[in-house]
Amino acid sequence: MTNLFGEFFGTMVLLTFGCGVVANVVLARSRGNGGGWIVITAGWAFAVMLGVFAALATGAPQTDLSPAVTLFKMYAGVYEVPHALATMGVQVLGGIAGGVITWLVYLPHWEITEDKGAKLAVFATAPIVRKFGPALLCEAIATCFLLIAFYTIGSKAAQGVAGIPSGLGVYLTAMVIWAVGLSLGGPTGYALNPARDLGPRIAHAILPIPGKGDSDWAYAWVPVVGPMLGATLAFMICRALQLV
Amino acid sequence: MTNLFGEFFGTMVLLTFGCGVVANVVLARSRGNGGGWIVITAGWAFAVMLGVFAALATGAPQTDLSPAVTLFKMYAGVYEVPHALATMGVQVLGGIAGGVITWLVYLPHWEITEDKGAKLAVFATAPIVRKFGPALLCEAIATCFLLIAFYTIGSKAAQGVAGIPSGLGVYLTAMVIWAVGLSLGGPTGYALNPARDLGPRIAHAILPIPGKGDSDWAYAWVPVVGPMLGATLAFMICRALQLV
Amino acid sequence: MTNLFGEFFGTMVLLTFGCGVVANVVLARSRGNGGGWIVITAGWAFAVMLGVFAALATGAPQTDLSPAVTLFKMYAGVYEVPHALATMGVQVLGGIAGGVITWLVYLPHWEITEDKGAKLAVFATAPIVRKFGPALLCEAIATCFLLIAFYTIGSKAAQGVAGIPSGLGVYLTAMVIWAVGLSLGGPTGYALNPARDLGPRIAHAILPIPGKGDSDWAYAWVPVVGPMLGATLAFMICRALQLV
Amino acid sequence: MTNLFGEFFGTMVLLTFGCGVVANVVLARSRGNGGGWIVITAGWAFAVMLGVFAALATGAPQTDLSPAVTLFKMYAGVYEVPHALATMGVQVLGGIAGGVITWLVYLPHWEITEDKGAKLAVFATAPIVRKFGPALLCEAIATCFLLIAFYTIGSKAAQGVAGIPSGLGVYLTAMVIWAVGLSLGGPTGYALNPARDLGPRIAHAILPIPGKGDSDWAYAWVPVVGPMLGATLAFMICRALQLV
């Protein structure tokens, strides 16, 4: 039970900071407007860092914050199926909550931003080239490498005898996110995590955002299915490499 | 007594570097002019890191450097009310001192900068959209998440058995500040800390800065009250989550 | 044998992220397009971090990921010549694999990018001023300083009594890469590593990239020979300094 | 004797990377051209990190790399006057060597860069507003805060019982340099260190750089005297605060 709360709370923190940095860069006249890709990717990296600490502190030692990570661990036997499904559910709820908080923080900027696409971009990802196959492939590969990174850092050889010190492991997790955003985030805006995309997309759909466009539900399945496929592939690779 | 000195000294260091990075980006012909949001937010992150080390080394183990943090700890029983008020007072004095030092470092740039708003921005925050309610909300939420981040990192679960190593904890504090600036700093310029805004604003008011405008006292209460509200909300959340 | 696999796998991860960040910055309409040198250099730094963790976790404790590093260690007696040559071979294969994965991740962007030079730049380096002597000198010096940095960090004096903690050493390796890119990467785009340049250049040559130009084989020997010369020089310096 | 070699070698590494990052940003058509203040300041931070590791590994446990730091320690009794003077001398020699190496790395870019000021900027600092008093004040204050940062991080309270782990302390030193550059580097380009400015300025004077202008010897005393004054002030403050 505390695990479910921690996953909800941590994902909420993750999405508050994650949606927040996009809002800062894309909403009209925000201080970070035009700050560029280094701002976006740094913001998401630290968003994950804070989300992990929040989950850790509130009873969720797995700190998945993502249905793709939870799926991977379900394959690995960490979760029974019902527990995995419940965990995924609260992660999406956390994503909705994070989207709502970002909306509140940037309250006066929705009205002065004319670009409907920018307003949606705060909440949900979109591919640059609107072909769903390549977008699915991109999300799957990026998520697969994300999970491989987590499990290679967690390996005995990388941990060494004494283990990576407390705090440093979480920081390195953030640096992994920074890496994935910098290198593999170009084509689709790197959802990597169904809760990251679906949760805030629901928030976009229900919030009274002035002058918003539609929530692009046609694309919404890609950042859900892509990361799930990537997690499945990552599990097969990590199992073959005896990392899990 | 040493605690008061350390809080003064640490806040002075914080504001020297904090106001300094804004000066570098906004004052005319400075080397960092136009360096953008990544420069601003990195500068404030490291400013806090140096301020915390300075406070630690000079007798202030709490390293609050902010009346909002001190208020939170007063709720938690760390301070009696008079001690909390004295701590807040010296923090504001440290903020004034930091603003004065920044003014000295950038001495020849005040005259060649025409923009009155830029000159004030070195010292004090301002909302992009001039509505005080949303600005108050933004400052309260951002400060609340800042404190939640500190207390989740400080939790037993995050510290682990051996604890986060010396030095790394302070570095992570800086990364939290970076995160908040990147993600939640867009609408108001993230004061988060009454001493950060009020102290340098007083410095702006009293310093003989050529061609300065007014110190925008109409807004000055928002970055004081907002962070205090945020700290109050954060205390209620952290208490409910048994983090404090 | 596992060492060869780990070197292959780690170099594949390195080049997936390394080529990926260049793709993100130079391919048309990618999210990171125009992100600039800070994005490129940060991406390569974290690419090496992830590559090292991947190699560590899959049986390659040396984590060379570069024929130049392997050559240095062959001089130092870590490898017999045949083992060194085999290691270099799998590193180049890993580089090819990484180039192929980047091509898949950025699949829809090859067609919409007109600039043939940009497409080649994702895979292979090129000197700004097309003079091979100075380019060779630049690559040799940069690789030499890279190896000196690794061996000074690995020295007893720098490791101290307790040693640099697990995880932190790998992170510092990434920071070294960031440093070399920022400071010495300007003239040639810092290959530093024959597998980094030759592997993806082969991928460029064989992949069905729409509208690609030639693979600039005339230059291909420079980022192979330059780093090998640099490693030789670095070994002589480190031996003289008793660092190896 | 090894201490003198280590100080020479470490300062050479520091200036190779330090001058290198400026060359990358200001020389015509370099990859990092126009990379901005974040690139410059990150490059100098990591330059110091690599310089410190290089000095540590080659017999200079003090890792001063700067006559200003050495002066501070002479006041503190670490050095006798002749040893301090010899140390300062080899630091300047290291600075010359670093400037020469940067010149070699960027060899083809000197001819294609027309701006004489840019070419000098690779080697030596200059104030934006050409008033020597304020420039001296800026350099003194910035150096003073630099040394206060080092000594507060080195304090018992900041080190804690177990001490800051190996490697992390050097990394934090780099972050201090990043902070000073971001926040206090705007008016003069932050020499902070006589060897950083004087050494490469001598290199500029003697190297056969095509189309170079004069070496601006009129200003050369400021980045020597300013940091020395700052170190003196810092020593008085640190002594008063019982940090030394």
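Each chain carries a letter (A, B, C and D) given by its place in the written order, and its residues are counted from 1.
One rule holds in what follows: a residue touches a chain if its C-beta (ideal position, glycine included) is under 8 Å from a C-beta of that chain, and two chains touch if they have at least 3 such contacts.
Note that the coordinates shown come from a computational prediction; the quantities given were computed from them, not determined experimentally.
Chain copies subunit C and subunit D are related through a rotation whose angle, from the C-alpha fit, is 90° to the nearest 5. Of all residue numbers used at the contact between subunit A and subunit C, under half are used by both chains, marking a mostly different-residue interface. Centre-to-centre spacing of subunit A and subunit C amounts to 28 Å, using the average Cα coordinate of each chain.
Averaged C-alpha coordinates give centres for subunit B and subunit C that are 40 Å from one another. The multi-chain contact residues of subunit D, meaning those touching 2 or more other chains, are 36, 38, 165, 168. If you sketch which chains touch which, the chains form one closed loop in which each chain touches exactly two neighbours.
Contact between chains, as defined at the top, is found for A-B, A-C, B-D, C-D.
The part of subunit C that touches subunit D in the complex is made up of residues 36-38, 40-41, 127-129, 131, 134, 137-138, 141-142, 145, 148-149, 151-153, 155, 157-165, 168-169, 172, 175-176, 178-180, 182-187, 189, 241, 243. Across the complex, subunit A meets subunit B through its residues 9, 13, 16-18, 20-21, 23-25, 27, 29-36, 38-39, 42-43, 46-47, 49-50, 53-54, 56-59, 61, 101, 104-109, 112, 165-168, 170-171, 174.
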